[in-house]
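To keep things simple, chains are lettered A, B, C and D as they appear, and every chain counts its residues starting from 1.
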Amino acid sequence: MGIVLGTNQYGKAENRIVRIYRDTPRHEIRDVNVSTALRGDFAPAYTHGDQSDVLPTDTQKHTAYAYAKEKGLLSIEDYGLALARHFVEDVEPVQGARVEIEEFAWERVVIDGVEHDHTWTRKGSEVRTASVTVEGTGDDQQVWITGGLKEMVILKSTGSEFTGFLTDPYTTLAPTNDRVMATSLTAKWRFTESTEIDWEATYAGIKQILVRHFAELHSLALQQTLHEMGRAVLEAYGFIAEIRFSAPNKHHFVYDLSPFGLDNPGEVFHADDRPYGLIQATVIRDDAPDAGPAWYAYTGLV
Amino acid sequence: MGIVLGTNQYGKAENRIVRIYRDTPRHEIRDVNVSTALRGDFAPAYTHGDQSDVLPTDTQKHTAYAYAKEKGLLSIEDYGLALARHFVEDVEPVQGARVEIEEFAWERVVIDGVEHDHTWTRKGSEVRTASVTVEGTGDDQQVWITGGLKEMVILKSTGSEFTGFLTDPYTTLAPTNDRVMATSLTAKWRFTESTEIDWEATYAGIKQILVRHFAELHSLALQQTLHEMGRAVLEAYGFIAEIRFSAPNKHHFVYDLSPFGLDNPGEVFHADDRPYGLIQATVIRDDAPDAGPAWYAYTGLV
Amino acid sequence: MGIVLGTNQYGKAENRIVRIYRDTPRHEIRDVNVSTALRGDFAPAYTHGDQSDVLPTDTQKHTAYAYAKEKGLLSIEDYGLALARHFVEDVEPVQGARVEIEEFAWERVVIDGVEHDHTWTRKGSEVRTASVTVEGTGDDQQVWITGGLKEMVILKSTGSEFTGFLTDPYTTLAPTNDRVMATSLTAKWRFTESTEIDWEATYAGIKQILVRHFAELHSLALQQTLHEMGRAVLEAYGFIAEIRFSAPNKHHFVYDLSPFGLDNPGEVFHADDRPYGLIQATVIRDDAPDAGPAWYAYTGLV
Amino acid sequence: MGIVLGTNQYGKAENRIVRIYRDTPRHEIRDVNVSTALRGDFAPAYTHGDQSDVLPTDTQKHTAYAYAKEKGLLSIEDYGLALARHFVEDVEPVQGARVEIEEFAWERVVIDGVEHDHTWTRKGSEVRTASVTVEGTGDDQQVWITGGLKEMVILKSTGSEFTGFLTDPYTTLAPTNDRVMATSLTAKWRFTESTEIDWEATYAGIKQILVRHFAELHSLALQQTLHEMGRAVLEAYGFIAEIRFSAPNKHHFVYDLSPFGLDNPGEVFHADDRPYGLIQATVIRDDAPDAGPAWYAYTGLV
């Protein structure tokens, strides 16, 4: 025919697992959304409906929940690595596995100045993310891990300008020396190691660097801010090969109050929904190892 | 015909206003979603398309933004009251006005232990709400104000049971002496005064009471917890006549790991989406003044 | 204390039931979202955590699914009525029941001009709604039923104007004699009978009347259009006491192309998200029977 | 430093353009969501905040709206091609442009059997999509076009089984010979030509093929169904090089009614939200030309 099966993967998406640690009266909570995908030679399932090499997505779901008990769920990178390795090592037809995780943060409620042992409110701020890709077994096994965050909404009310841009016949925008700059940041960073990393400290450290440079750089453009943030992360963490950003420019338009006899020197804004500027960029080491399948996503793909 | 116009209201919904205070280098931010509705005798607009008494929704929008400058936007209850009064007092055909506000919280980023002057991240936790209804002018003017919160997701990993319930032929549920209890709480409280109230302190105080009693009460049912929370709020604040709750029971089902030879003593849960239990209740003073139009909503109605 | 329990209800929200009729090779499908609420004297559950009169929400869920088999699910009004009656008549402490239903429409796929027996695509257009409220048993039983639709997005590209409106110092809007008028309509109608009604034909007939009058009336305002639509429904159906509308004015702004030397006589629009005008109105018979608890909602309340 | 700027693009996302054709009393409507991205050497904007080569996203927005007038908006592929070419050919620093479009379908309302001239309801069914990527100018110019659809929810109530699958210690799933199979299909197809194609007829034809094979194939797995659908599309359209699918398995679980003494032979289902199986696959010609940047997305990336 000349018509063939191309790239493919399958799995169970969005397993909403909550793991409580209750070995002491002070409980711990982990709240995650886990998606797993298997890769390999599954052509017979496509071409002839032959499932003999297909581990059901229902089984993948069970495994994801069971591993939260068997292996634990403290750092999402470690949990994802254990789960991805299991599929590749223990399930014969599986040649590669991809695990993607979102983690939702909770904070203990504080009563009379004391953190409560077993009650939390969901923070609702940024979502932490990770992906783990494993291919092969034994000495040939390769692993790619990314960490990240999304939906970190950050805003500065001054210290941002946008001037000196290219114009063409469709340009009406006026330059501005002082504006609100805001984004709902997505960032993903690629590790060059999968062991010996303190995942929790690294996440906290990267987030702090991103926030600091967003705040402190006098910004000539969102592009410049992103580059500065990325550069600083790579300078701080030698085991990070690259960082990718997707940053919608959440427009805050100065509301025109002049018809009503009112000044508006950057005080009253309309926060618009759509359309929005969208900047995407990678900051990378010039000697970064090949990314392999690290960025070949599962959910969100196509 | 015997067919007539019944209750009606119209306005501009979801004005996304951001107000920056920048009189000193340490800026302040307020981020709100404002909806306004006018009530009165607007029958000619319906029956004959006669707009002569209809203030455009576009004008209501302008006014909402302008008042963020003219009157300021520090407490949403005060801002809403000023805006609602304006429509009733200054626009001839308007007999009643309803203003509904959602407020999104931001927190200053902290760098080297110091709060930044003009950079924030959005908290993403609960949304604060308020409604103001004004009817009439001069000595006949009446005002109803409610405060509230929504989307406060709170969870306790023990200290909750559900036993001794009624059964019928459709009942299969097993009683449990230890479960996860979680909700995404909506609460609204009605004030009996509109002046002399410290809106910010009251909001913080009520939220703290809600959290405390959710955490501390050993719960025999979500109903009991809600009642305890409401009673405590009314005991603490004499100027609150009633509090209403809508509390989805966000089910966390213990995942059955027994087929895989694993115990699961309340450690691994599936957080389900739908369906969910939904409890709604009011806790009220037996001498509460009549609610009038306080609960006659605008957005969300019908 | 003088602090008491006020109005309350509880149940299971958003049971996502799909019912297939497969008695012949030509299957039928019904796809609904069912929420049930029970009302009565449940004070002991609130004040003392005493569940002895509380039928679990899990049981309500089972019943909703079982009734799709036992009673069938052809018209949502009939199904809802059977379910609500069951709770009131068969569960001792229940004094009132509220069932709210959303129905999602599917259409058969057509292959070579022939409708397929067992394959459908989801229409995705408006959602049909209904509510049933039952109070009491035997001769004292009362029933209130509403039908409705929501998310019917309808647009006309001419035949709509907005002029002659009231102005004040915050008004800048220019009158227009030709504009796009669009809404995402929510309508709910209250029946005065619960038997002998052809629910399916009535729904189709009302929808057709709404569409016809939206299209055919030269509109001087969305208010006028809503009134005309409502009046026509009441004239056509003697057993409908009132109809309620909530109609966001989905703004389509003429895009200013003049800076680029282009005319734009109502050809290119920006479809804006927020804010939006929002018109709410009831058209009612002057001799309509009392609405009782017909409009006392469950989901969406508070 | 060894830290450099990697891949990057920027533009204006989600321009919500509605285009009315009103040259005759029978109007036509096109309702689209357009995102544009520019690619080229924009490093100075990142490294030094130098905007001199940066065409503002505001300008891209203006251009998208203006082109709906200047070039028209009948087929989204043609419109996208004109817009992408403009950026590459007319804006000096731009080396590549990506335009992504979603189109929302409307259908004329029918009154007394006659289609109305200027009133429509939004269909709400599947969203049509397209992407156009242009690189270079003159004889060196290259163009890649994809078409597609998303959110086509399709269900068959029989004619689907799942048996003979691989099992491991985490497998509990029972095989089934008759189940509901449903998905919310995303499909994207890559054209090998950009001219001489009847975009509208091709879209309708592909959609019909997808629906037919979903319905008619007795399915041994969703994988098999997808492969069959893809193969048929490629057989029918010689100018399509490949088609990609992302197909969530929208689980419809047979509800267990046995505790209530009821049979349930595939009649009452719970439509679950999460987790869901997710199958992704490509069907491709073995001599397909290189995809180049055709699949390098803009919105949805990272």
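Operating definition for what follows: a contact is a pair of C-beta atoms (placed from the backbone, for glycine too) under 8 Å apart; a residue touches a chain by one contact, two chains touch by 3 or more.
Note that the structure is a prediction, hence the values are computed from the model and not measured.
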Original post:
Which chains, if any, touch chain C and chain D both?
Top reply: A, B
**OP:** Tally the contacting C-beta pairs at the A-D interface and at the A-C interface, and name the larger one.
**Re:** A-D
Original post:
Whole-Å distance, chain A centre to chain C centre, using C-alpha means?
Top reply: 38
**OP:** Averaging only over C-alpha atoms, locate the centres of chain A and chain B and give their separation in whole Å.
**Re:** 31
**OP:** Would you mind pulling out the distance in Å between where the CA atoms of chain A average out and where those of chain D do?
**Re:** 23
Original post:
Do you know which chain B residues sit against two or more other chains?
Top reply: 15-16, 62, 66, 170, 172, 259-260, 273-274
Subject >> Of all residues in chain D, those that touch chain A in their complex >> reply: 1-16, 35, 37, 42, 45-59, 61-63, 66, 90-93, 162-168, 170-173, 186, 188, 219-221, 223-224, 226-227, 230-231, 234-235, 242, 244-246, 248-249, 274-287, 298-302
**OP:** Spell out the part of chain B that touches chain D in their complex, as residue ranges.
**Re:** 169-170, 172, 259-260, 273-274
**OP:** Using the touch definition up top, name the residues of chain C that touch chain D in the complex.
**Re:** 15-22, 27, 29, 31, 62, 65-66, 68-70, 106, 109, 111, 116, 118-126, 151-159, 180, 208, 211-212, 214-216, 252, 255, 257, 259-260, 262-273
